[in-house]
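What follows is a pair of complexes built around subunit A, which joins subunit B in one and subunit C in the other.
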Partner chain A sequence: MSSAQRQDLVVFGDHSVISDQIFQNGFHHLITITASPFTSPTWLINSLVESQILGRPYSLNSDSSAVQGHSRPVTVGSFVHEPQLFHNALGKLKVSPQKYKVVDLVTDLVAKSLGKPKNRLYNDILQQFPLQAQSVIVLEQPELLLSLLEGSTSDEIHSQLIAPLMKRCSVLILATNIYNDGEDTTRDSLELSRFTLGCIYKSIAIMSLRPLETGRASDVTGTLRITRGGACSPVHVLENEYLYLNQKETTRLFYR
Partner chain B sequence: MSFRRRGEVLHGTAPRRADPRGLPGNLLTSRGIPQRESSRVGVGRILPPTDQFTQLSVNDSIESNHPGVRPSPATSQQTTSTGCQDLDRLLGHMGLPLGNSLLVEERTTTEFNAVLCKVFAAQGVVHNRVDSNKTGNTHLIVVSLDQSFAKQLPGTYKGSKKDIKRSKIAEEESKLTVQNLAEQGQPSRYNDLRIAWRYKLTDGGSKDENPTYNVDEYQNYSNQFDITTRLMPAPTPQEISFLSPIQPLQTLLSQIDRIITQNKGKLVRILVPSLLHPAMYPPHMFKLSGIVSLVHGLRGIVKKYQSRCTLLATVSADMLSDFMLSQVENIFDAALILEPFDQEMLKFLERAYKSQPNKVQHGLLHILKLPVFSERGEMHVTKSEFAFKNGRKKFEIEEWGIPVEDNDDMGGNTSSSSSSTQPGLRNESAHPQSAEKPGGNTTVNLDF
Partner chain C sequence: MSGSNSNATILLKRVLSLNEFSPLILCIDSIAQTANYVLEEILYNASKNGQISVIYVSFESVNCPSYAAKFIDVESVGFSRLSQAISSYLPSSPPATSSPKHIVIVDSMNHIPKNQVAQLMASISSKNVTVLGVYHRDIPEISDPTLEHYPSVLSLLYFMATTVLEVNPILSNDLDEEELKDELVKYLIPRGLNNSKFQLTLTNRRKSGRSLIHNFYVDSNTHNYEVVREIKDDDQDEDENPEALQDLTTFNLSTSTKQKIAKDQVALPFLEAQSFNTGGAIVYQFEKDDDYDEEDPYEDPF
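Let's turn to the complex of A and B:
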């Protein structure tokens, strides 16, 4: 079987999920995961965390010849999911809790943000993520701040949260939801679209999760499409599309 | 050979059997598997298993024998009933898993969601009253201005009129009167017949219909409610707390937090009926930041107390913009849509089910997200696959198929499902229930 026909998750041209070359030269990179509201990217986030800690996403890649990467410190933060969810899922993948950190951005976020200047809130969120070179930060649904904080804009979140967060690590993985309604021209929906577009332009790679266009099926959950982003990547991104089946806490990828 | 009773306690500290698989001194830790800290509990003396459990940290969880909690058959997570058995089944866990939130949206101007709210609340109160000797095991928090809601909760369904009459007779007969004592002396064949008849009832009862519900094992887990009756006595402030949505958000969230903390060890069911009802919510809540802050704050609380807290909210979908609705749906763990039929469709169904008016459905039920499953990444969006109908004794959810109006009035069999002929509908072989139902009833009539 040739390497191109493997049904393993490969994002970069050196047959890695996140290439080691990206962590060299002290640059900061962004990878974006986009998902529809009803195809949660939790499994993909967990697999990426697993690949960074164990060197390979064992839960997805069964092929032992896949490239083994280095183990790196990972910090995960989510605006919708509680830390326990990640601890449970990563525990099942046999990832040691000492090797990653989960930042709680769900509990008491509203209570903390009410009546507080936005700058301080952004700063408080930033302070929870450790400043570490050669590390990976995963942030889920930061666009929720657009809805939570009155008057916040896409530019503001990019300049005060995303850009400083990128400087705290080598690779920032952003998971964001896409809202598709071309006819909706309200300020809120435009800001959300601008935020997503901003992420795509800044990214070196984009992983897009979508449900099947034909509707729900029992043997396929959706498609995972890997494409290049707007930023220049030091390693070639293998543009590819997979079908995936998410069933009973396991995910299988199929080459399309 | 002697046998030991199963329940008998083994005394003394008998030497433990050596592990036949391992060599002496060859511990598991040598293979790199970390030793569990809990093993230290038994150092020096062997504790009975129950003692070891008591030493585990279970500070903020509900009692293990809570009547309203059972493990999910799909994920083994602790789950509580919504008060509607069909909804419990639809959610895939035989209820709503603790630490999860459910949003029920309703289109048009109907109020079917109010029934779900009432049975959700009533179920909590009924759980709380299962063991009358204790201080209670469940508390309900309702975020609403309408305090009369507590008096509108439905009572449990006590059977048909015949069943109620029979139970009254039995009650009368059990009283100590001269007449009853005189009748007790003579053996009556009617008693035997009654017992046989009862056995017959249980044979064909609901046990076979709901094998996964485990009615015997979880007797008080889920109740059936009669919406024409009222829960008596009405819930007290010890059972239900009303919080006003008009007050500042921070106050509201801190009050909910305080009530949960006060009701330590109890299951807390949070109910938000008619979210963003214009008569109950201040104007600033209709901004995106207002409603998302409220819902995110509630989610934060439910996740904080996830071992003993659930949330149900209902909203009229027509009052919110699509974008706002999508943001609210995003924060909930599960989301369903009730889409009632318009008058034309209802008239059609009434014509089709002329001889069986109780089969007329009231609307479609769409699934957007299911608790736990959707969070994992599974896709569970199903549209127009289920229909609901609201009856006196039940809010039913069943698979949907458009009945075909039959013009031939042959023996009153006026309808049959034509799912195989209708585009976009389910396959007949995949869902044989609705295709068989009308025919099945005809057979019953002929047998009689």
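Let's turn to the complex of A and C:
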């Protein structure tokens, strides 16, 4: 791939990654990232956080055709990664740690939940995220709660965690791992499917990461497809498909 | 044909403008094409026809749509008090002719427990109210072991609804239905779906019990409805084109008229079983290669 083919990450019709218009009128929106164990979304989460703090994802967008947005408060919470991972990655992207907050949802989550009613546990998680208009919250793999909390259901996570979290910010970016085995009709599998589809119906945009169908390649890691979600977006979503290449320090995007 | 097409379009317009009375209009959608555009189309047509008052019952959305006069967040109200909350916004007595039409939009019927669907619908349905219920057909239903033999939520809603609107995307040339299905199973939405132009299947149940089913292409930007012309595959198969079979091989692939008549006259073996003249006996004819053992009682075909 020649460097001339390299492209900027643009999600909305006004050539922005997350359009300023989405933050107007006091609405709350959801953007879903679907990924698989072979295509970790960490690089995309870091780029989106960078774009919200610095106004543009400089690590992805080499030139200046993408629109410079406003700087916004960002809170990141992950059920799989420790906060240090985000501090290290965002430090490398020269994002000041004062401009974002990382919530630790990994350490002793199950131990803390013992003997507690589930609604109190959801409330404890919610209280760690600041209630702030015009802000962005990033949440990674909340579907793990289906396995971590006994008796939890997809509808319960949506109603007691996802919806209240959306009300605490203007944009919630939710990264979820997809699991698709058509022949698996166990309750756990159906709950996971229900969770993922629930996110898609609520979202204004879907960012799908998937590996190459042809196998492994040294110059392409996978594909990123941006499409409209089930909810109406106030700004037109630019439906695009990119090839991406994760390198040691950076990620490069190419139009497909 | 053109007469029935115009009748279908008139029926759709009557349904969308809520002139055809229906206590429950069921909108079935999927992640490939959600029901948002068809809801907007109903509200556009109904508001042209007179004043409307919309109560939005939300299981999914946290934002109150601009068209909604009242917004009920089910999580805040609690499901047990939902019907009471909805009824409090509806007129108790039959309204005067000049009063607005009441529409209750439920953004996702998938979240209603199946043993309470009928109860909820009965408590809010009345002559003055139309319920627009959205059901996402790809969200799997979690089975309840205590309600093992109870019908699914979709079956119940389908039974109760007098009008069913099913939305599907209009596929581009480079995507067929099988490819779309393969992608959606992997939660991948192909580009160009969830569009303002979509396909709509209208099922309207008459008072006589007869169901009318029509397919339309709907453009919600221009509010234009076009009846889908169905191509009959059977007719195409019958019209064999001998020219298309020429020069393909050295064999003769076409059939002459005489051969076609002979083919139609062949009595297929299974027709014997349908004649019922033999009083239910098994029709079995030995062939020379059949290995029949007289000693083995299980091998006796009679």
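Simple rule for what comes next: the second predicted complex is superposed on the first by the 250 of 256 C-alpha atoms of A that agree within 3 Å, B and C clash if a C-alpha of one lies under 4 Å from a C-alpha of the other, contacts with A are read in each partner's own complex, and residues count from 1 in each chain.
In the analysis below, a residue touches a chain if its C-beta (ideal position, glycine included) is under 8 Å from a C-beta of that chain, and two chains touch if they have at least 3 such contacts.
All values derive from a computational prediction rather than experimental measurement.
Visitor: Looking at the superposed three-chain arrangement on subunit A, would you call subunit B and subunit C a clash or a fit?
Guide: When both complexes are placed onto subunit A, subunit B and subunit C end up side by side without any clash.
Visitor: Once chain A of both complexes is superposed, is A:K167 in touch with subunit B (first), subunit C (second), both, or neither?
Guide: The second partner, subunit C, only.
Visitor: Just to be sure I read the superposition right, which of the two partners does A:S135 touch: subunit B = first, subunit C = second, or both, or neither?
Guide: Touch partners of A:S135: none, neither subunit B nor subunit C.
Visitor: With subunit A at the apex, figure out the C-alpha centre angle toward subunit B and subunit C and round it to a multiple of 10 degrees.
Guide: Apex at subunit A; the opening toward subunit B and subunit C is 120 degrees.
Visitor: Taking the superposition on A as described, I'd like to know which of subunit B and subunit C A:S59 touches: first, second, both or neither.
Guide: A:S59: touches no partner chain.
Visitor: Determine, under the contact definition given at the top, whether A:T251 touches first (subunit B), second (subunit C), both, or neither.
Guide: first
Visitor: State whether A:S19 touches subunit B only (first), subunit C only (second), both chains, or neither.
Guide: It touches nothing on subunit B or subunit C.
Visitor: A:E239 in the overlay: touching subunit B, subunit C, both, or neither? Say first, second, both or neither.
Guide: second
Visitor: Which partner chains sit in contact with A:S51 here, subunit B, subunit C, both or neither? Use first/second/both/neither.
Guide: neither
Visitor: Rounded to the nearest Å, state the minimum C-alpha distance from subunit B to subunit C in the superposed three-chain model.
Guide: Minimum C-alpha separation, subunit B to subunit C: 15 Å.
Visitor: By the touch definition above, which subunit A residues appear in both interfaces, subunit B in one complex and subunit C in the other?
Guide: Subunit A residues touching both partners: none found.
Visitor: Hey, which residues of subunit C end up touching subunit A in the complex?
Guide: 31, 34, 36, 59-63, 75, 108, 111, 136, 138-140, 142-143, 185-194
Visitor: For subunit A, which residues count as touching subunit C in their complex?
Guide: Subunit A reaches subunit C through residues 27-29, 34, 153, 155, 158-160, 163, 166-167, 178, 180, 182, 187, 190-191, 193-194, 196-198, 200-202, 206, 208, 210, 225, 227-232, 239-241.
Visitor: Once bound in the complex, which stretches of subunit B touch subunit A?
Guide: 249-250, 253-254, 287-289, 292-294, 296-297, 299-300, 303-304, 306, 321-324, 326-327, 329-331, 368-369, 374-382
Visitor: For the complex, give me every residue of subunit A touching subunit B.
Guide: By the definition above, subunit A touches subunit B via 37-44, 80-82, 84-85, 106-111, 113-115, 141, 144, 147-151, 177, 179, 181, 184, 186, 188-189, 192, 209, 211-212, 215-216, 221-222, 246-247, 249, 251.
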